[in-house]
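Per-chain numbering from 1; labels A, B, C and D assigned in written order.
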Amino acid sequence: MGADNNIKGTVVTGVIGEDVHIVGIRIIEQALNDNGFKVSSMGAQVSQEEFINAALETNADAIFISSFSGHAEILVRSFRDKCTEAGLNDIILYIGGSLLLREEQWEEVEKKFKDLGFNRVYPPGTSPTRAIEDLKKDILLRREKGD
Amino acid sequence: MGADNNIKGTVVTGVIGEDVHIVGIRIIEQALNDNGFKVSSMGAQVSQEEFINAALETNADAIFISSFSGHAEILVRSFRDKCTEAGLNDIILYIGGSLLLREEQWEEVEKKFKDLGFNRVYPPGTSPTRAIEDLKKDILLRREKGD
Amino acid sequence: MIKNKKLSEDEFFKQRQEVLAQWPTGKEVELDEAIEYHKNLPPEKNFVYKMRYAKEHDEIYASTGMGKATVEEQIELLQYVEKEGKADLLGLSPDSLTRQNDYKAAQRGWEESLKTGKSKLNGLPVVNCGVSGIRKLVESVNCPVQPRYGAADARLCDEILFAGGCSNSSPDVFMDFWQHSAKVPLEKVVKTHQYVCRLMGYYTERGVPICAGAQGFYGAGIPPSLQTATVILSLLLQVEQGVKHLSVKCTGHGNLVQDVVSSKVRLKILEEYLDKLGYKDIEMFPGISFSLMQYPVEVGSSFAVIFMNTLMAKLIGAQQNDIRTVAEAKAIPTKEDVAETFRTAKAMQNFIQKQNIKLDEKEAALEAQMEEKEVKAILDKVLEFGDGDPLAGAAKAVETGVLDNPFAANRAAAGKVLGIKDSAGAIRYYNTGNLPFSKEIIDYHKEKIAEREAKQGHKVSYETLVSDLLAVSNGYLI
Amino acid sequence: MIKNKKLSEDEFFKQRQEVLAQWPTGKEVELDEAIEYHKNLPPEKNFVYKMRYAKEHDEIYASTGMGKATVEEQIELLQYVEKEGKADLLGLSPDSLTRQNDYKAAQRGWEESLKTGKSKLNGLPVVNCGVSGIRKLVESVNCPVQPRYGAADARLCDEILFAGGCSNSSPDVFMDFWQHSAKVPLEKVVKTHQYVCRLMGYYTERGVPICAGAQGFYGAGIPPSLQTATVILSLLLQVEQGVKHLSVKCTGHGNLVQDVVSSKVRLKILEEYLDKLGYKDIEMFPGISFSLMQYPVEVGSSFAVIFMNTLMAKLIGAQQNDIRTVAEAKAIPTKEDVAETFRTAKAMQNFIQKQNIKLDEKEAALEAQMEEKEVKAILDKVLEFGDGDPLAGAAKAVETGVLDNPFAANRAAAGKVLGIKDSAGAIRYYNTGNLPFSKEIIDYHKEKIAEREAKQGHKVSYETLVSDLLAVSNGYLI
């Protein structure tokens, strides 16, 4: 939808915390690959530090965090700050999955995680296509800003 | 429950209006019979006039109206008055079944039909035993008053 | 004297004038124009074509009655259920005043509903809405709009429904006599039904197939053979008048062996009698409903009832999965109730329809044998009463209790037959009343009941009967 | 080197000291006292006795995981589900921090939950609650409290659960290695599991039967034979340590022929290998779960999933109907969610459990034959790698992809095998990776996939795979 199809980039992916729900992010990774992105896949049970190190190493445009344990709110606390401290300025942060223990109004969930510094927040059942369209736009924006 | 087991009486039973739902009242009739009541069974599709005439003929203590069409409110309008006009003073009137088209708070349904002159109102699934216990009490009361 | 004989075109058209004069909207009906109208409808809106498609593709379609007091409300309901409920058939229930031909009272309910915007009737006042109303409805959706109702005299209502674009109805003589009227004599009901079927035949003969359905009577709690005999008689009335497409309703009681067997026996004997009486080229579509006297009040269990209904549909090869919504026990369902129920049914149907499961055939053989004997005993007695005519002896059969119904609303029912469940949940004759059964049959049922008594350690009684009627509602088979 | 060999009592008790020292509540566990405690519990609270009763009486019991952050909340939940959900088994899910042995973090979540009165964990922090907490729970209900969980190292958690009065667990080595840990090597998982099973054997040998369960890995989307081979290996570990009662979990994928066949093959081959390897007097209780990668978001369809699960349970003769609540796709279920789901399941079970339906045997024969060959090919290769020891060769098997799992969380998985549905909804190998399969087997699966491609008119792809994973969630089989 308007986003340039030549936009590519590097994405670090993984499931945060003690969480083992790997399938969702595997599907996203496959889709990223199919769309020409470089994927640095960290798998399940990834700590904040591991995400940051991988992003630094690969000079990533974005970090995709998946979380299904219901503990996401605690697990990503101050992640944006740590990214900035580590020098990952304006890195694109997406989070998706079953983020909270109780189903709440989606708007509230989204707000909660946007306030925590995420650029975009996705509910369970998000189609990979949607995330990739968004990513292309955000990367473009980020590069324009960087210029 | 306090009610004298020797209390017997005569009950006119039937399904009012264009309604054909006969099974519920058949079961009630069987139970009334088993408990020694005289039952004057009018069957399905009974008009207000037919109920009143049968009650006059049998010198009934009570009329049991069953209604499942959802049209009960319209069908029993001014029934109490007509009973009184016909000389059925203080006749016991019970109604039961699926009385309204939309499920409403039971308290409201009950109030609606009590205001229409019914002594007791029963929801679908009422056990015959309960109705018979009530009837014994009400007949006793009525006879005491009559004295 | 009633006879099972096709109305001549003269008789039919003479009677038709009276029928159409019963209410002003009768004037809107023009047969030739209506036939043209049907021919211009997309074929998937025709009930027969849709059933045929289902049969050829092993599909199962959920079906239920739905009725609101105005066309506008009905459209909203059907469109919602079509979309959100993934429906394949869209039921249409006329209200009960219309069923009783009290079009004046229906008019009052209709007008009050239009004024207040709240449904004041338990179904659609079809006659008052007229042909144009029904066409508006039919045109507002993509599935066949399927009238589902019984009435002692549905002549005008069906005239309007067919002219409005509907292509099925259920002129089910015994159902309508016993269950849908309290005082109308059988002879009268036969006559109105012969008229309606003649009308269906008229359309059919002119290239617009119309499907007729029958289930005999509301079968909950009564062993299947009596219902089967009655269904067959109802269907014989239909085909004689020119009906070619039959929706043969079967009733599930909960024991799958009995349910599957009885549906097979029903179809088999029907074919035999059609053959014997010389009716050719009749197309049959079985349907099933898990027939309860009381549907579960509790939503969880009511999904379990849909589970059984769907499983039965699968096992008997039904096209129609005739279900009740999860709100059935309580009130007229809302559009959300219907859609949720239909979504569940659709998923169940999708999951099960092409699977390779079946009944244990061995256990089924004896059951089938006995049921065949029962059905034929009844049918042959009725034919005997009528000197070979299936309707001529019907009134006598009803009078004497050779055809019987314990839960009839009509006063003209012997009401002697009673059913009770055996220990496997199959329905047995607790009382055979005046059914013309051999000792072998009577003993078979006695034995089954004795088996249950032995298992539960006490005799069955009228209370058992009532508790049987309510078992499934409470989440148990027995 | 790992070996499938019973731990000596010495080794066991030495390791036990370390285990119990992992968290202060470990001190509460006293084996002899715990055994006495079990012996004084009513027998119907024992999981094995309950399963045996079900088996003898053709009963099916619903089972699901349920976990709240505090004992008090868990009691409220279980009591509600027991009463309002008519439950026969009461699941208990430990939270995921506990599963990862992060008792400190679990303690924080627990304390915060106690303080705020709101569950802050996705399950019960069993270790923090301690023996007394679990006993309070067990004593508050009448059904067995059934721990349902996986963890790479469940030693302390299981110590506390058993001492608390629970009598089953699922020390399922491959499930826990692949699905419940990302970094722990197989050898380590084997060791913790040998310990847990030794503990279960210890109780069992002293007259307190404890049941061990296994399902191999989360099987959604993967053909059954690979899972069967893996389950059998997991179970062989259990019995070697003295476990005598097995809950053999089977996985339904939607095609009933495949589902029933694979459960039968699973039990048959298990018996063969138990026999071959000399294990005697093993009692088996089959259970089934309709395993989806994504449960339906829409409530209607989720009842249809319970329908299939229950039908599968019936057809395979399972005692446990292992279901997910209607809230599964969304969040941790409330007590109302669980109760409603259980009521539905209970009614379905009541309706179906004694019915006489079965699978079409003919179609099943070839499927069974092929599956047996597949399972044995894998098992024999693993045994070959281990010189006849089922665990000694396991690490190599995992490394080389002779045992594989495409959806493993653990990095040590070849991840080459992929499954896809055929046109009847059975799962086939789209990619056999390094599974030691003959050409005959590979061709069989290829053919089935080709059949589907022919039917749908285009090739299957990774997208097909994803859409297959989500089909049932949307109310379709394929």
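The rule we apply is simple: a contact is a pair of C-beta atoms (placed from the backbone, for glycine too) under 8 Å apart; a residue touches a chain by one contact, two chains touch by 3 or more.
Quick caveat: nothing in here was measured; it's all calculated off a predicted structure.
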| item | value |
| --- | --- |
| Intersection of contact partners for chain A and chain B | none |
| Centre-of-Cα separation between chain C and chain A, whole angstrom | 57 |
| Between chain A and chain D, centroid-to-centroid distance (C-alpha), Å | 31 |
| Two or more partner chains touched - positions in chain B | none |
| Multi-chain contact residues (two or more partners), chain C | none |
| Pairwise touch network: line, ring, star, complete, or other | line |
| Those chain pairs that satisfy the touch definition | A-D, B-C, C-D |
| Residue ranges of chain C in contact with chain D within the complex | 86, 254-257, 296, 298-301, 303-308, 310-311, 315, 339-344, 346-348, 350-352, 354-360, 363, 424-425, 472, 475-477 |
| Touch list for chain C against partner chain B, complex | 96-97, 99-100, 102, 105, 109, 119-122, 179-183, 293-294, 297, 327, 329-332, 407-411, 462, 466, 469 |
| In the complex with chain D, residue positions of chain A that touch it | 15, 18-23, 26-27, 30, 34, 43-46, 69-71, 98, 100-103, 124-125 |
